[in-house]
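Got a structure here, written out as structure tokens. Questions coming.
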Amino acid sequence: MKNQGYYSQFGGAYIPEILASTFDELETAYIEARDDPAFWQEYLDLMSTYSCRATPITRLDNLSEQLGGASIYVKREDLNHTGAHKVNNVMGQGLLTKRMGKTRVIAETGAGQHGVATATMAAKFGFDCTIYMGAHDVARQRPNVFWMEQMGATVVAVTEGSQTLKDAINEAFRDWVTNMDDTHYALGTACGPHPFPEMVSWFQSIIGTEARQQMLDRTGVLPHRVYACVGGGSNAMGLFSGFMDDKEVELVGVEAGGRGRGSGEHAARLAYDDATIGVAQGYKTYFLQDRDGQMQDTHSVSAGLDYVGVSPILSHLHETKRVRFEAATDDDVVAAMQRTVRCEGLIPALESSHAFAQAYLEAPQMSPEENILINMSGRADKDIFTVADAIADPKWRDFIIQKAAAYQMENLNG
Amino acid sequence: MADQSKPRATPQDAPRATPQATPLEQYIRDKRAQKDLLLMTHIVLGYPSFDDSRRVVEDMVEAGVDLMELQIPFSEPMADGPVILKANAEALKAGATVEQSFELAEKLTAEFDIPFLFMTYYNILFCHGVEKFVKRCTDIGIQGCIVPDLPPSEGAEYLDAMHAANLSPVHIFTPNTTAPRMQTLDQNSAGFIYTVARKGVTGKDTEFSTDLADYLQTCREHTRLPLAVGFGVKSRGDIDFLRGKADIAVVGSETIRVLENEGVSAVKPFIESLTAA
Amino acid sequence: MKNQGYYSQFGGAYIPEILASTFDELETAYIEARDDPAFWQEYLDLMSTYSCRATPITRLDNLSEQLGGASIYVKREDLNHTGAHKVNNVMGQGLLTKRMGKTRVIAETGAGQHGVATATMAAKFGFDCTIYMGAHDVARQRPNVFWMEQMGATVVAVTEGSQTLKDAINEAFRDWVTNMDDTHYALGTACGPHPFPEMVSWFQSIIGTEARQQMLDRTGVLPHRVYACVGGGSNAMGLFSGFMDDKEVELVGVEAGGRGRGSGEHAARLAYDDATIGVAQGYKTYFLQDRDGQMQDTHSVSAGLDYVGVSPILSHLHETKRVRFEAATDDDVVAAMQRTVRCEGLIPALESSHAFAQAYLEAPQMSPEENILINMSGRADKDIFTVADAIADPKWRDFIIQKAAAYQMENLNG
Amino acid sequence: MADQSKPRATPQDAPRATPQATPLEQYIRDKRAQKDLLLMTHIVLGYPSFDDSRRVVEDMVEAGVDLMELQIPFSEPMADGPVILKANAEALKAGATVEQSFELAEKLTAEFDIPFLFMTYYNILFCHGVEKFVKRCTDIGIQGCIVPDLPPSEGAEYLDAMHAANLSPVHIFTPNTTAPRMQTLDQNSAGFIYTVARKGVTGKDTEFSTDLADYLQTCREHTRLPLAVGFGVKSRGDIDFLRGKADIAVVGSETIRVLENEGVSAVKPFIESLTAA
């Protein structure tokens, strides 16, 4: 273990001693894979046959016209197998796990998206699989739990702490420190100890590499701004990395504004002023924490952005001002989602809808000659319980109540 | 630094102080001259309350504990198992602050004549300011720190401050730790080396076996410092097993388990049951 | 209107007089589009930017090995936008609707898949949209109804007849005979009056055209057998059309065997002997009907195959023996679905799982040098209520019961 | 066939029999010589029961109806609106068969001295065997058929059999029907032409307006046969409007609605209210 994996002051690997050699092994495997062109080719082949890469770019014809400013393009990560960009990272780590000769994978999950992707990868590669998920999230996201279990994964409901994503991460580390010999921890976002932020960003860079070329092919020019939502930061890093060296392209990361600035109920680490630098979950970054360094409860309508920390690489890009950070509130996000569904027939995940909300705010101020690109990191149709609750659909409630009554009746009848 | 040319220390040897022995190391060596195995216990400050923490310390000292880890609660104790995890969470829920932990620690070091160490996660130091934290330790009589998520590679500031203050930064050997890595850790440690008897988090069972004896032998070979053994020590039998193989037995989660199941007053009899000759 | 659209004795256009000119107009528009290479190009562009065509071919590495016979490949229509092959047809008809200058689309839907696809197309093209869905299906498939409504479609619960797919079709025709001037009826499968069977098959032929080339690129040879489930027949016609002229490729259509041969509870029109030739819903084909010609109740675990009729083109291919028809029972289908999920991380729709079930039965008898191709017409993750019921998952029931209790509590509290 | 060189028929003209007039057409022309507007009603056989169907026919004939459509129920009545649709479904649910429909129809033609037509969907004929079906019609005294889902292009077998039997295959003109198409339909029809007064299925409201008058005028110009007007006729006012513009007013769904809401016994007074001079 060396002191490395820093992006200005952010990053590092603050890990229990027992994982030191596991991280050395992981880093070695990662570097060897990165330096081996055959590995990336294998990865590309897998992603183009098992998922549908390259995912397309869709122009929002109706909303571009309605909003009357920039032309809006969308990178369609929602079309991936399992419905989100998460699978890019997971399949890459699956190949790496195979390379390291390990036979079991574990992962944390918040909304369940990364859990489903990991369980899928495990089924595909024949690995044993355990997914850690906050008990609150297990209760909220049963459909995802259902599919993980169908894939053969063991889903552990984490009853510690706030029972959400960060606690699931802690619990996954606790598993790992016991089972590191045969187990790889497939962390789901560009956070955690080095080399995860860099490695996850590398796998996700497939998004940006494709998107840059696709925008050039489609419009002849680079987009003026690109938008991505930021939870841990993996989809944002994935898209942004394609445009990092194109100084003329403005990169906009959109965090969960929850109930708004000053409400204390949000997950905006970089866009608002509430976060401070700290070290937790194995890395140094901006965290929503109190003065003692205790992590605080966060809030977002989207489970996938509801997280206390953020990719150290994004904290760095925030400080260097290469990326502009904004936050979208729950209400604006739900409105942006509904608008996108109704006007374009696309169903962005609530996470992704943060990027849409910010883009819709800015597009009208831009000229029709300009193009913007939004990362649609996932689709919302798996989050129907959350979405139906967010918009308080009475018919959905009636349906659930009736369905429950039918189940209770069957239970009674044996 | 340990003189590498010396014949290997055997477990039977009473450990000798290294040239720059910290007061903590010196205490351990002195105590070991009288006792073949020391006992270190662990509590989470503010769990279930700061008053209870104080009472438990008092009981433990009376029961004959030789040194103590005081854990400053943290919201993300990634290296701790369910028992200590819960204690951390409960302490925080009851409103425990770092300042209160300092205040109680100051009282404890004044009142009781054994060394106390802080155990906590790096963010507590980082947010407080590392140098300020170490200075505060000095001021209130804390003799060492265990920071399980701070490997030496990330801990330059901390190590410099600790060494400068002649305090003991304690690091951990695990069954996975390679020989060169043990040397690095040894070089960066003072006071003693904390060896964990198995993989995993705190509070789970360890098999006290020949393997363990071999492992401890290896640890001994790679450090000049006294050896503490933790993770899973919970009975008189475990302690007897360690006698002659290590310098310090650490009882961590099991005390908290006793406290939790049988109340504060049960802690003393439990410790006495471990230490009674 | 001419006497045409026949495939040996099957097909035709048995329509109310009031639709005669509407069908003339539709047929003209269809023929013009078919003869206009720019139209197909526009269609391909749309499908490759709005959906993710070409959809990939995935090899089932684990199951090919486990079953020990032919190599199994899967055409991934599940990766399409909205999660099934239905969108191919719908987008094509959307372009045609625009060409005809109409501003409103209607559709029938069973499981809801075609309804969601049509509502999506309407949102994308800016059409008004009404979806007819049997009241039974509305109750069973609320998630799909929810999304259709979010897309701005009006979903009409059809309370007539058996309250399922065929009744929804009748009801859609009733709407059409009133509103034909501004309305196009986007029929969802290769059934109904001419030119629907041919036109829908044409749009779906994108599947087979891609798949044939992909199999050649991937394996160097044509597959020995290809499998597709058969409801109305659109995904089957889509895939089969790519191999129709390759006499050495055996085409296998798999119908809903429900509770099995002789049970009277199935929807196997061609594989079992219960169906007879009749005329209903505007076309002549094999129907599950009584001696008077009254349509009978059908049964299948998958709503999308639970239909009395079948594409007249498939009836023709059945008689000419170009396509072999089999039926898979509910139990085998659920088992095949679960096996595919667990061993490969793919989640085939219950409809598609019929094709998987039959392929799994036959693959072990084939040689490892042979390849087979299964059409994965859709994904099951939207059908979680049905799937969870089909496998009687107790945790799912508990979840729904708890969710309902929470809603009821909120209702009480205002 | 109509002689196209003749001056246009005006609605005021009493229709003249065409050369090959079927018995049905002849009946209508004869009746029209006495009455300026005939009334045709419609029932679904077996709804709510075959006994009730018989009673309703009896009442209708007594109330002065001039001819009747007897609908053989079908499970997929795609051209019918909610009222008739439900009647079809209920009849089938009660077990109605095609054979029972034949049997009742045979009794009715024997008992009542007005022409009866079958209305049903093509599958009923197809499954029975088209020629057999037409022969049966002849045998039991049915004078014509309306098969709304069988355009002439699909109906060669049916048309041949009907013409051969001198029965009347009735086709439908709609507001969408083009002039050439009207000619085709006319050429393939006998008895009368059924014009639907608006788009849509049976049982919905029609606006009885100048547009409708113009439309009927156009229909008149394109057929040599008498004109019936259906879809939405339900009141004395509607009937008065049609007088002089058509030969037959068809009351379909409204009778069933009355039957459903007020019972079998309400049908007769309802029809009387329409026909009373």
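Structure notes:
Should a chain be cited, it is by its letter among A, B, C and D, assigned in written order, with residues numbered from 1 in that chain.
In this section, a residue touches a chain if its C-beta (ideal position, glycine included) is under 8 Å from a C-beta of that chain, and two chains touch if they have at least 3 such contacts.
Predicted model only: the values in this text are computed from it and were never measured.
Farthest from chain C, judged by the mean position of CA atoms in each chain, is B.
Centre-to-centre spacing of chain A and chain D amounts to 66 Å, using the average Cα coordinate of each chain.
If you average the Cα atoms of chain A and of chain C, the two centres end up 33 Å apart.
Centre-to-centre, using mean CA coordinates, chain C is 38 Å away from chain D. Contact with two or more other chains is made by no residue of chain A.
Chain D has no residue in contact with two or more other chains. Shown here, the protein chains touch in a chain-like sequence that does not close on itself. Of all possible chain pairs, those that touch are A-B, A-C, C-D. Chain B contributes residues 74-79, 81-82, 85-86, 89, 92, 97-98, 121-124, 126-128, 148-151, 153-154, 156, 171-178, 181, 185, 196, 199-201, 204 to its touches with chain A in the complex. Interface residues of chain C facing chain D in the complex, by the touch rule stated above, are 1-3, 12-18, 20-22, 160-161, 166, 170, 173-174, 177-181, 276-282, 284, 287, 289, 291-295.
Residues of chain C that touch chain A in their complex: 48-52, 55-59, 61-62, 76, 79-81, 83, 119-124, 126, 139, 142-143, 145-147, 149-152, 338, 341-347, 381-382, 384-385, 388, 393, 395-397, 399-405, 407-408, 411.
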